[in-house]
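In what follows, subunit A forms one complex with subunit B and a second complex with subunit C.
And then the complex of A and B:
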């Protein structure tokens, strides 16, 4: 049994040495990983291969090489597995001339739902579109279109949900509500794979990250564990103190500190070991009679992790 | 107040009902296609063209039957012919042009919106293959083109039965019509839709695709005629709109219907026409599958 963070113990979606190339361009290269219940964030810069991977998982693009299984089924051999899958594509992908309800009902029919009207009512309710469902989609705002697409993906009660930039165009309130909805779906044991450029939102949603760069698997796991794996990049820590220069000078005498910088009376230090710094700081502050008001790591965020992955700095 | 700030129902209720078969899923695409072509669930202006063309197709049949029923009422049965003024084979000839327009409208309307609205991803991520999607779309076109060809024929048939005063005798006396008319409608569908579907798989605007198809149908007639005259008579096969007329003339054994066409003029056998139409259909099917495998 593998212990690599790229794999989960109870996978619902698995890819093995998966590759996809378009002519000379390699979009996904030899990717092996798995996804399980809960929300997994799929990260990567533009052109990293995220959308191609999602399209392969959703049956929209055939892999050039490698295997993929969805719910223990090869979707190329049995397309009926897509009855249990939902996709929110990045594109608009809606018939503008239909009403929201008609669109969601049609999606239910395409997924083989026997009572599409009932299923559509549930899905439309889940995204808070009851009032607008009778209007044509051409009159919807971008956020409303996004929500009706989510309803269209939910209408077949999917065990697996692929979400490509699902919060595009949604206003702040809608974003909060959609994230709550995704959490509630994940808590029911569904697998959600979310691709997004908005790292702060992925951070709010995902407990696990799969990061891709140039079509390859760049990192996997939870963001702080990925950050910890960058042993050659020191942590940056912000320290608010009443006498930052005095504290900074003293810190420089300790090997755990790599550099010290004071900007606008805020002390920023770089250290290889957060634990050692955490033990050193209180002692040093007491000895120097320096009052600490805040100590905060500055680069544990997903954005920092992402920056290191993509740019290596 | 807009619905933008509505409270969401976070208690998502799972769908616990039954699932349908893949065949039922295909039929839902067929139904969607029929609705789309007829402009159902669309604004009123989207209904004008399809329903206007349907009206044009059935109007001569209604007028024909109505006129003779009316004349019989006014002048007595003995003074009026007890058969229709327009025969079934003539009616196919009368509606060739308008059927061409219907196909020119229907095929692009069926295929183009799925591409331009990026909705193919919705089909591709459902339990469907590319072939399922295409068969269902072509099935919708088949149903409507057949209905378009058969509806006025049915009006004529029923009208003929009424005028004859002996419905059973009319049916037994015209048993051939029961195969001739449907086979004629199939000939129209088979000969007219392949090119329309290929064009619709490329062009982004419905009106533009319809225009290209009509122009191609019309222009191939003189081109085929000229090439057949100048070179091999087999070039007559390129006259796209002539095939249905040739086949219907043979089905009804009425050479007049296609007498002026390049196929009849160059003594092309109806079987050669059937082979040409079948080859065109196979090529169109292969092309569409290849094209939509890239798109879906």
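And then the complex of A and C:
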């Protein structure tokens, strides 16, 4: 099992053939992977099933099929495992009528922490919210809400931490501080699973990435392997020119071009290297006396990239 | 136990500290206003009779159940809709303990609000008739009725986002029409169970209540036992649902 990059040798969280569907909609499909100490990035476009997976791992959602264990326990059956687990949900799931301190202290009381006030002070300090902790959460900005949610999840000193889009709404400085905090938690041997739809964001945090699309495992490995897989994807580019067929024929003679198609007098080309194409086009257009009016990459959304990884198209 | 108290305390704070509570307090004061107007123009005997056949069902059958519906359905329903339920569910606490804490909080919040209206109504009754000994029975009946309705509506609030509409339909059709028309099912009427507690304590004027009770035997202990069984069932069912169903939608 550990030979596949989707699995780790010392797992704390294991998922086996896990599926979840809501009526006709499949949110997670036959997913098998594992997570261990360190930061694992859960990467995928919106609707990939990341949040549903985290909710199942958190015991908040019942799997439709398959198995999962958290510290060798089914979180739906043994609530004691939550002494060692924390969640920062993507939703704005905070009690607006409480102050930040009350919110975090409430979490400590629920977790059965020996000294809730002290634990709350420590967790609030860790996310840099000391100054605002006495204010009601209803007056917090999005970034402050994110940070107080992180404090609420940290207050019981969890071994495993699920973070669903934790940097949403945080300003650049806050992002740096939160990433530093996540790194320090990982360095202490904790398991952090961080979901995001931004590759660059995950690359800054994670030492390992699980990429998902349409509820399925799209790729797994270290960030450099995932980045390499991304750059190997052919890009589709739209080129508007006064003589598209002439330009298309000439482009076909260059290895950087994978395919050429003219539809309604608009040239569409596929290339594996946008940079090379960008350098080739002006030269070729000048030599052929072709006038370019627009050059625009098509289908460059993260969804399309992930879809290519899964379906190869 | 600390965890249960913590959940109950924050839930009461969340339920009572909101704007909707003001509307429920005003609703609870409507019977007092009506009784004041009636008492000023009628004799003591007529006021006493009106209190038992008019005000008592208005409090136990309308203001108490509506308050219990709004707050009972919100105790877990709000947490589910606002997704804050993950904050309490992802803690080492048994689901039944969460359900019990929520039920206790919803009952206390509802009783604080509906009980305040009942107390004011009782004071108006005492002031207009000079008879103050109805107040304890009235408050006990309010507490018992509140617990019964909260127990039902907490489960409904957990299951569906449309708990208020479903609850109002239940109050109108079942509690308002069916159990009044068919004596075979009148013993399942929660507000009549509450009224039977009142009749068990306040034996004076019992004849006025016979039609209202519609076959439910007077008795405070019997009424209390029924709603306690209902509350325990509610906790067990909610605990089961929390394990069996998705906690966030």
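The definition used in the following text is that the second predicted complex is superposed on the first by the 224 of 313 C-alpha atoms of A that agree within 3 Å, B and C clash if a C-alpha of one lies under 4 Å from a C-alpha of the other, contacts with A are read in each partner's own complex, and residues count from 1 in each chain.
Heads up, the rule we're going with is that contacts are C-beta pairs under 8 Å (C-beta built on N, C-alpha and C of every residue); 3 or more make two chains touch, one makes a residue touch a chain.
A quick note: this is a predicted structure, and the numbers were derived from the prediction, not measured.
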{"item": "Simultaneous placement of subunit C and subunit B on subunit A, clash or fit", "value": "clash"}
{"item": "Partner chain(s) touched by A:109 [first = subunit B, second = subunit C, both, neither]", "value": "both"}
{"item": "Touched partner set for A:216, first subunit B, second subunit C, both or neither", "value": "neither"}
{"item": "First, second, both or neither for A:157, with subunit B first and subunit C second", "value": "first"}
{"item": "First (subunit B), second (subunit C), both or neither touched by A:89", "value": "both"}
{"item": "Which superposed partner A:129 touches (first subunit B, second subunit C, both, neither)", "value": "first"}
{"item": "Partner chain(s) touched by A:180 [first = subunit B, second = subunit C, both, neither]", "value": "first"}
{"item": "Subunit A residues touched by each partner, larger count belonging to subunit B or subunit C", "value": "B"}
{"item": "Contacts of A:204 with subunit B and subunit C, given as first, second, both or neither", "value": "neither"}
{"item": "Contacts of A:59 with subunit B and subunit C, given as first, second, both or neither", "value": "both"}
{"item": "Which of subunit B and subunit C A:80 touches, first, second, both or neither", "value": "both"}
{"item": "Candidates 1-9, 73-81, 163-171 or 253-261 of subunit B: the single one with C-alpha clashes against subunit C", "value": "253-261"}
{"item": "Subunit B and subunit C footprints on subunit A, overlapping residues", "value": "58-60, 62, 79-83, 85-87, 89, 91-95, 97-98, 106-107, 109-112, 152, 156"}
{"item": "Residue ranges of subunit C touching subunit A (in the complex, touch as defined)", "value": "2-3, 6-7, 10, 13-14, 17-18, 82-95, 243-248"}
{"item": "Residues of subunit A touching subunit B in the complex", "value": "58-60, 62, 79-83, 85-87, 89, 91-98, 102, 106-107, 109-115, 118-119, 122-123, 125-132, 141, 143-144, 152, 154-157, 162, 171, 173-174, 177, 180-181, 184-185, 188"}
{"item": "Of subunit A, residues touching subunit C in the complex", "value": "55, 58-62, 76-77, 79-83, 85-87, 89, 91-95, 97-98, 106-107, 109-112, 152, 156"}
{"item": "Residue ranges of subunit B touching subunit A (in the complex, touch as defined)", "value": "3-10, 12-22, 24-25, 28-29, 32, 41-43, 46, 113, 117-119, 121-129, 293, 296"}
